[in-house]
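Below you'll find the structure, written out as structure tokens, and then a few comments.
By letter and in written order, the chains are A, B, C and D; residue numbering begins at 1 in each of them.
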Amino acid sequence: VVAAQLAGHGQLVVHVGAATLRDCLRLVEHAVKHGAHALGAIPPYYYHYEEEALFQYFRAIIEASPVPVYVYDNPGTTGNPISPELVNRLAAIGLHGVKDSSFDISKTYALMRKITKQGIDVVIGSESLLLPAYVMGAQACIAGLANVLPELLQSLNAAARGTDMQRARELQTRVLKMRDILHYGPSIPTALAMLKLRGFDAGWPRRPMLPLPEETFSKVKHAMEETRSLWSL
Amino acid sequence: VVAAQLAGHGQLVVHVGAATLRDCLRLVEHAVKHGAHALGAIPPYYYHYEEEALFQYFRAIIEASPVPVYVYDNPGTTGNPISPELVNRLAAIGLHGVKDSSFDISKTYALMRKITKQGIDVVIGSESLLLPAYVMGAQACIAGLANVLPELLQSLNAAARGTDMQRARELQTRVLKMRDILHYGPSIPTALAMLKLRGFDAGWPRRPMLPLPEETFSKVKHAMEETRSLWSL
Amino acid sequence: VVAAQLAGHGQLVVHVGAATLRDCLRLVEHAVKHGAHALGAIPPYYYHYEEEALFQYFRAIIEASPVPVYVYDNPGTTGNPISPELVNRLAAIGLHGVKDSSFDISKTYALMRKITKQGIDVVIGSESLLLPAYVMGAQACIAGLANVLPELLQSLNAAARGTDMQRARELQTRVLKMRDILHYGPSIPTALAMLKLRGFDAGWPRRPMLPLPEETFSKVKHAMEETRSLWSL
Amino acid sequence: VVAAQLAGHGQLVVHVGAATLRDCLRLVEHAVKHGAHALGAIPPYYYHYEEEALFQYFRAIIEASPVPVYVYDNPGTTGNPISPELVNRLAAIGLHGVKDSSFDISKTYALMRKITKQGIDVVIGSESLLLPAYVMGAQACIAGLANVLPELLQSLNAAARGTDMQRARELQTRVLKMRDILHYGPSIPTALAMLKLRGFDAGWPRRPMLPLPEETFSKVKHAMEETRSLWSL
């Protein structure tokens, strides 16, 4: 369950996550040995955990890691949401920031205003909320769609940091429209289909995920062609 | 179940809602007779309804009303969310806009980009999402907190329409901090408590709502004093 | 929002419910004046209420009513679930029982074992859970499907009180199969369609509910014919 | 993520589950090599999957396993519920049954009446629903509490198969009361605490689960003593 993504300026952030602490610490060791510049640590999944269990889990990861650790809050997949209080406790012992994939901008804003330690990053974990996160002070986004349309996401990233809100809005709208296509099927295989349609064949995802069915693939292809002016920069 | 609010420029928008169409049409008649400039029509509540039933419900209201009708989408209270498709169907027969209290900015953005008819307003129905709604093109907000802190909300409203994003962000943060106080208790009695603390006694809400317990009232009082620099403009 | 149902032994239980206490007390008065033998009081809906507000709401109803009052717990429609603790508080001041339409048998069982006062009835509020409620001690059921198929429900009611579990299981299975038909469309219009197909024309429900569309009506008709041996006793 | 449990008649049923098919197939091989008599296969977790992906996942497991395979439906932990339709598709290619931990007896009943192939077992996956599952025809239960109180669970199991419903009800009530204690803390560490209090020290669970805090342990100890007449058979 390791996903590696190359961040904008050549930093390698490796995501680590497992159902048990032991397995996760092995992934930490592996990631660091292979040159990770930072880690995005997913809460343990399958079972539900109380805050103290989550605290001790992340503390062990922070203590084991020589590189910066970010908590990756994704309650929709893990079933274990991360509270601002937990972030504050972890910040006090070395946490660098949070990748927020709660998909609830009100929670993101609450996190931002409740973090007490200076310098803790809140990275928005979905391109769908880039602009509203940036207008309230977020400085970075880890965007699934950036795997498919990096140019478009870079443009939005730049515009959202600038002063031309009209331009930022227009680019965010484009991103949302392209994201609608990403949801014609399950998002990971659909992203890979979109990549193929741009000429990059990265294969299909590991089972149990399936290749995109031919019918959906055709629908995606048609939509990519129809929207070329939106994403071809 | 009628709430009347005086909008920024002296327009009276009356909210109408009931469990049955007949009762709601009586409220429409009553509101219009008493000078409503526009209506915010709540979906029928208690039972869950399919889209066609909601369409026919709102169609009857639009046909009965001589003044502009807005749909008030508040799925948390009604259990009947309003889809963009339904808004488009209603726009074709005279709907003027939507007050969106879905409390999910992604749904608000989806509504904005899926509305096909020109000139349909999307009014954000919570001060907590004013800035993210405005940066994507919303032009108005109906804010519960404006009943308590109208000056602060007007400042945010003005800033969010302007170009000084730093200022807008700062005001939105103030609003969110004041809104945290609004949730020390149930929001309606707490709002009335905050009003009292500003010197305006509007009583307590109708039962089954209760007056704010003394302990919570004290907590709100203390918080209002602590935050005076945030809201006293 | 008043529904009157004639119970098995000729008792008239009237359901009362409203968004405000004042409106509900009017319904109580009206029901009692017209001969209700007992009341099923629905929690206030639309807004969410804390337990104390619900307690005071029901206390006012119990105090106003000369006939026995039951709380009708239906969190799916009201958004305000009733806790066993609240039931115990209300039992101490005169509540007679609970009609449980939580549709979660684990909650029903929890209610049963947490009620401390002798003689408080737990009436199961759905025919889908009649047998599992009765095997744990419930003595009565208020069943929507009994409006359509009273003979079948009476048979199940009798069997579930008896010792022939094989017979009870077989009848509960029939009830569940007929209930599957009840959900071909929204349950109230579908129930009325099923009644029409049995020769009783009770009209269609009040708007915003719609008559059953012709296509669904045909599907229901076909299913009623196919299953005649299950329900025609 | 392998849990082994010894079933009533000395059969070893091993649960297998992973986030990817490859990892799960390794667990299948391992379990079979070590003498598993049957497998309980958990749906893949973390990501959400469409029915076809789940079908192909379980098909690969069924094809790889020389021993009977049961699907273990636990949507609360996996986020991927199993529909009756999927069970029917899998039954046609060799599935032996379902362990149902949906914690929703209505879904269990729907599964029971929608299974079309003779001989497919529905095993209820929680002691809290043993009796309602058995009265509708289930024949077996995999009960977490049986790890702590096997005698009580065996008594309930026997009674629920018999004709003395009064006795079955009384035992199910005892089980539910003991299960209330199981939820004083997270259920796995609390179960281990209860075991210790019965004189069996099976240690504490693997991290991120934590040992039960001393205060909760004391509360459990007190409750076990208070309820001795319920569970000490």
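The rule is simple: a residue touches a chain if its C-beta (ideal position, glycine included) is under 8 Å from a C-beta of that chain, and two chains touch if they have at least 3 such contacts.
Predicted model, so just to flag it, every value in this text is computed and none were measured.
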Between chain B and chain C, the fewest steps along chains that touch one another | 1
Furthest chain, CA centroid comparison against chain D = B
Mind checking the rotation angle between the two copies, chain C and chain D? C-alpha superposition, nearest 5 degrees is fine.
-> 180
Just give me the whole-number Å value for how far the CA centre of chain A lies from that of chain B.
-> 32
Chain centres from averaged Cα atoms put chain B and chain D apart, in whole Å, by 46
Find every residue in chain C that makes contact with two or more other chains and list them.
-> none
Which chains are in touch, pair by pair?
-> A-B, A-D, B-C, C-D
Chain C partner, complex, touching residues on chain B are 1, 17, 19-22, 44-50, 52-54, 56-57, 60, 77-79, 186, 188, 206-210
Residues on chain C engaged by chain D in the complex (per definition of touch) = 103-106, 109-110, 113, 128-129, 131-132, 135-137, 163, 165, 168-169, 172-173, 176-177
